[in-house]
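Consider the two complexes below, in which chain A is the common component and chain B and chain C are the respective partners.
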Partner chain A sequence: MIAYTIYLPQTRELLKNWATELNVYVPTMVEDGFYEFRPWNGQVEIAWDYDLCYTTLKRFFLPPREEIISFDMKKYAASPVIEAPKQLLFGVHPYDIKAINQLDQLMEMDNPDVNYQARRDNTLIFGLEPVHVAETAFWSSMGAASVDFGYDLYWTRISPGAFFVQVGSARGEEMLKVGGPVEKSSVAQKEAARRAHLKVLAEAQKHSLKYDWQKTPELVNKFFNNQVFWRERSQTCLSCGSCVLVCPTCYCFDVKEEADDLLQKGSRYRQWDGCMLKGFAEIAGGHNFRETAWERYRHRYMRKGKYIYDKLGELGCIGCGRCVKACTARIANPRAVYNEIWEAIKNEV
Partner chain B sequence: MPAKPKVAFFDFAGCEGDQLQVANLEERLLDLVSHIDIVRFREIKTEKRDNYDIAFVEGSITRPEDEPRIREIRENAKILVAIGACATIGGINCLKNFINESEYKATVYGDFSRWYSTYAARPVSAVVKVDMDIHGCPIDKNEFARAVKELLLGKIYSPPKYPVCVECKMAGNICRFEQGRLCLGIVTRAGCGACCVNEGSVCWGCRGIAPDANMDAAGQVMDEHGFTWLEAQDHLRLYFGCNINKL
Partner chain C sequence: MKSDFSHYVPRPATLVAKKELNELVTLFEFVLDSGKPLAHRPGQFIQVSIYGVGEAPFSVSSPPRTDHNNFELVVRRIGSVTNSLHALQTGAKIGIRGPYGSYFPMQKFVGQDFLFVAGGLGYIPIRSVLHYMLRHRDEFGEITVLVGTRNPQERIFTDQLAEISRRKDVQVLETVDVPDDKWKGNVGVITTLFPKIRINTDTTSVATIGPPVMYKFVIQECTRLGIPQNRIYLSLERHMKCGVGKCGHCQINGVNCCLDGPVFCYTDIAGLGEAL
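Presenting the complex of A and B:
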């Protein structure tokens, strides 16, 4: 493992350098207690100790609305549109990196998503070890407390003025050295990083699943036919989609078209969609595969707890806790629902 | 539909804010107009002809004499489009439906109230068949342009059925409920891009109740977030008046 030690004043110089080459985004407090990734411009204050960035980072690879084809109605011609600005996300927490790793795999399966991949290829990710844990998060019990890949650099704050920076890719190392040579980390600094990780892990474990996450697919599957359970929990579901739209591992979209004002050219674009919305599973002729809110509600837990696992061997939920906050009806919490199912099944035997 | 359909605008009880939004399209309007022939539009021209294919109707039905007039428009038009909340859902005019007739008459017309006939406000669709709705108070000019283009391409534009929250999430706003504010986005039909929330306000529900909105759940959500029934009612009545009798 190659690692360097970077001191706080150096970060400013590095950021300046990086920003000349690509769009740099950093976590910052946008409102009391709410954090977002915003463009770094020298003025924004980096929230090194943020607990959760409010909006999912998938928007950098799968924007809420993205043009994918432009066409000419007079010439009957169409051409793909692929936009992929060079960008750097600096300060991504491990659970969010895990979510991106998962999206990378899903977007590559079957028909590779070229728009996604182009954006992804032009993105550098610098991870950051969290120091605070969001009230709603439970990532430590979803196998998302640390990641082995998916970052170009991984930063851990080991003292108020220093970072232990682990190298994840050659490109990452290069970026670290743009301003000149940097100091190799010592064994003691590596140890400090390990301790920082253990500290936040202990904090994170306060909110966790009550059982080993690997059991989730089997548990949730056993509950599939428990209509009473799903109906009861979903009674106050507003079918608003917030829980899936904020989710870093959800990737569903709808495809639409619009003509220009002269009705000569047009564009086909995609736009976020999600299985919690009623129109999502509606097909031509008006048939809907998941007509009722409870079926959609159940489907989401099946996706997160089983279907994604069947494809990738990991859960479709990394425990960031965004959906828990986003759901105004307070019924979208996977930790609560999976724990409840586990309890119920445990008591059966 | 003829190659260059004739288009007319009409108004009933409303503020003409929607037609103003159309006029606000400015240069874009010129591009659109190359495909249509506007025969009647108070906001931008005085001359009018009563021969049209598409009628855009703004405003609510609030008086007995509105009825024959809207029926005639319906008969003349091949396609009738309701524009703006007053026309699509009754809009804020329906606020008066919550007080009794003599009271609102006296408030508005004072001593002359007996000279005026007025009754509970209703959307255009309560009297005649409406082919397409363009929601909003006022309408969104981009959505209007889009709906017109779809008509010209032989389609009927249908606005999203999901609630405003979807677009609010796409816009990346912090949910108003998390800020301790009441927001009707959870039950309001989307299509505006959550513009009021984007601008720092809350959703007031101007696009009407989303087709599959769970109103019972919304009541519970507001309650659980600590809002009183009166606060909720104040919000709900502003635009949802015509859809819900019990508010």
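Presenting the complex of A and C:
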């Protein structure tokens, strides 16, 4: 493992350097207790100890609305639109890196999505070891407390004024040395980073699944036909789609288009969509394959708990707890849902 | 492997001919501007763009052929894209992506008898398979075609069906749910035709396409006749928006209908709660 020690005053110089060649985004407090990634401009105060950023980082790779082709209605020609600004996400927690790693694989699978890949290729990710855990989070029990890949650098605060920075890619190391040589970490500093990880892990484990996450696909699949359970849980669902909007691993989209007022040129774009919205599975003529809220609700937990697992070998839920916060009906809590299923099956004779 | 190829860019095609089949349904014949064949297989679908209006998925209704490169879509007027399609004049352009998805495994059917069960507009994609078989008639055994329509006014391809009925080597049976004064044929849902067919269930494969409600009953009838489930093929309708397995709209449980479907062997979806 290659690692360096960076002192707090150095970070400002580094950020200045980085900001000259790419758009840098950092976590900052936007309202009391609410954190977001915002562009770093020298004035923004970095929230090194943030617990959770409310909106997810998927927007940097899969923007809420993204033009994918432009067309000429007279010549009937179309060409791809691929935009990929150079960007750096500085301070990403491991569970969010895991979510991005999943998106990377899903967008590569079958038919590679060039729009996504172009953005991803132009993005550097500097991870950050959390020091606080959101009240709604349960990532430590979803196999998302640490990641082996998906970052260019990984920062752990080992004292009020120092970071242990692990190198994840050559490009990351280059960025670290952009202002001159940096100090190699000592064994003691590495140990301090390990302890910092264990400390936050202990806090994270206060909210967890009651069983090993690997059992989730089998458990949730057993419950697929348990209509009573899904109907009861989703009784107050407003089908508002908040849970999918804030989910870092949800990537469904709709395809729409716009033409100019002379009907000569136009563009087709994709826009975030969500399987919890009523019309999502509707076809021409009005038949809806997930007509009711409980079917849509079930689909979400099946997708997170089984379908993504079948593709990637990991759960589609990384336990960030964003949906738990976002749901106004207080029913979107994967930890509660999966725990309840586990309890029910455990007690079956 | 990385490339700059975007799956989302359509290719231009030109409307060569159109023919009204009934009040709402029209047959369109297109050719790609590249002059190349569409290179589809029976059962596959394409994404059709009308720029400024939108894009929608359609099954290709014509069989793959080698004598010319035109292909046919049959479209019911129901939404914005389909209404715009109906308004097109010969020579007009559209955008095409695809062909996409799975198809009927024609090689597997060689030497087999075949039963088609088409409900309503399900005849449109079925036609691609049926006409493929008629074009290679000597490669297949007995062919039986069941066609069900809501009422006589909504029947499509009446001339073609009449022509096929006259052939000695194809058995065609038709029914309507609600007859009018002139209708002399069978009345009732499509399963009422099953008692009338004579097929060898040991050598028969089935292709069935129709409205969502139809499948369960057709599969029941096939099972009653003794046709094994691994010889029943069907095509499922979903609204594929991207066509390449990303957007999530066509998902059936964990399966992407645009990649693994629309054509499925029944045994592949029998365990999926959201399929039928």
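Going forward, the second predicted complex is superposed on the first by the 349 of 349 C-alpha atoms of A that agree within 3 Å, B and C clash if a C-alpha of one lies under 4 Å from a C-alpha of the other, contacts with A are read in each partner's own complex, and residues count from 1 in each chain.
Here, a residue touches a chain if its C-beta (ideal position, glycine included) is under 8 Å from a C-beta of that chain, and two chains touch if they have at least 3 such contacts.
Since we're looking at a predicted model, the values are computed, not measured.
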{"item": "Touching partner for A:Val131 - first (chain B), second (chain C), both, neither", "value": "neither"}
{"item": "Contacts of A:Arg330 with chain B and chain C, given as first, second, both or neither", "value": "first"}
{"item": "Touched partner set for A:Leu277, first chain B, second chain C, both or neither", "value": "first"}
{"item": "Touching partner for A:His287 - first (chain B), second (chain C), both, neither", "value": "second"}
{"item": "Chain B versus chain C as contact partner of A:Ala259, first or second or both or neither", "value": "both"}
{"item": "First (chain B), second (chain C), both or neither touched by A:Met302", "value": "second"}
{"item": "First (chain B), second (chain C), both or neither touched by A:Pro64", "value": "first"}
{"item": "Partner chain in contact with A:Ala344 - chain B first, chain C second, else both or neither", "value": "neither"}
{"item": "Touched partner set for A:Thr236, first chain B, second chain C, both or neither", "value": "first"}
{"item": "Per-residue contact with chain A, leading partner among chain C and chain B", "value": "C"}
{"item": "Footprint overlap on chain A, where chain B in one structure and chain C in the other make contact", "value": "259, 263"}
{"item": "Chain C-facing residues of chain A, complex", "value": "68-69, 71-73, 76-80, 82, 106-107, 109-115, 117, 121, 224-225, 251-257, 259, 263, 266, 268, 270, 273, 275, 280-285, 287, 289-290, 295, 299, 302-303, 306-307, 310-311"}
{"item": "Chain A contact footprint on chain C (complex, rising order)", "value": "1-10, 12, 49, 51-56, 76, 78-79, 82, 93-95, 211-212, 237-239, 241-242, 244-249, 251-254, 256, 259, 273-274"}
{"item": "In the complex with chain B, residue positions of chain A that touch it", "value": "30-31, 34, 36, 54-55, 59, 64-65, 235-242, 245-246, 258-263, 271-272, 274, 277-279, 293, 325-326, 328-330"}
{"item": "Contact set on chain B toward chain A in their complex", "value": "28, 31-32, 34-35, 145-146, 149, 152-153, 160-163, 165-166, 169-172, 174-175, 177-179, 185-187, 212-214, 216-218, 220-221, 224-225"}
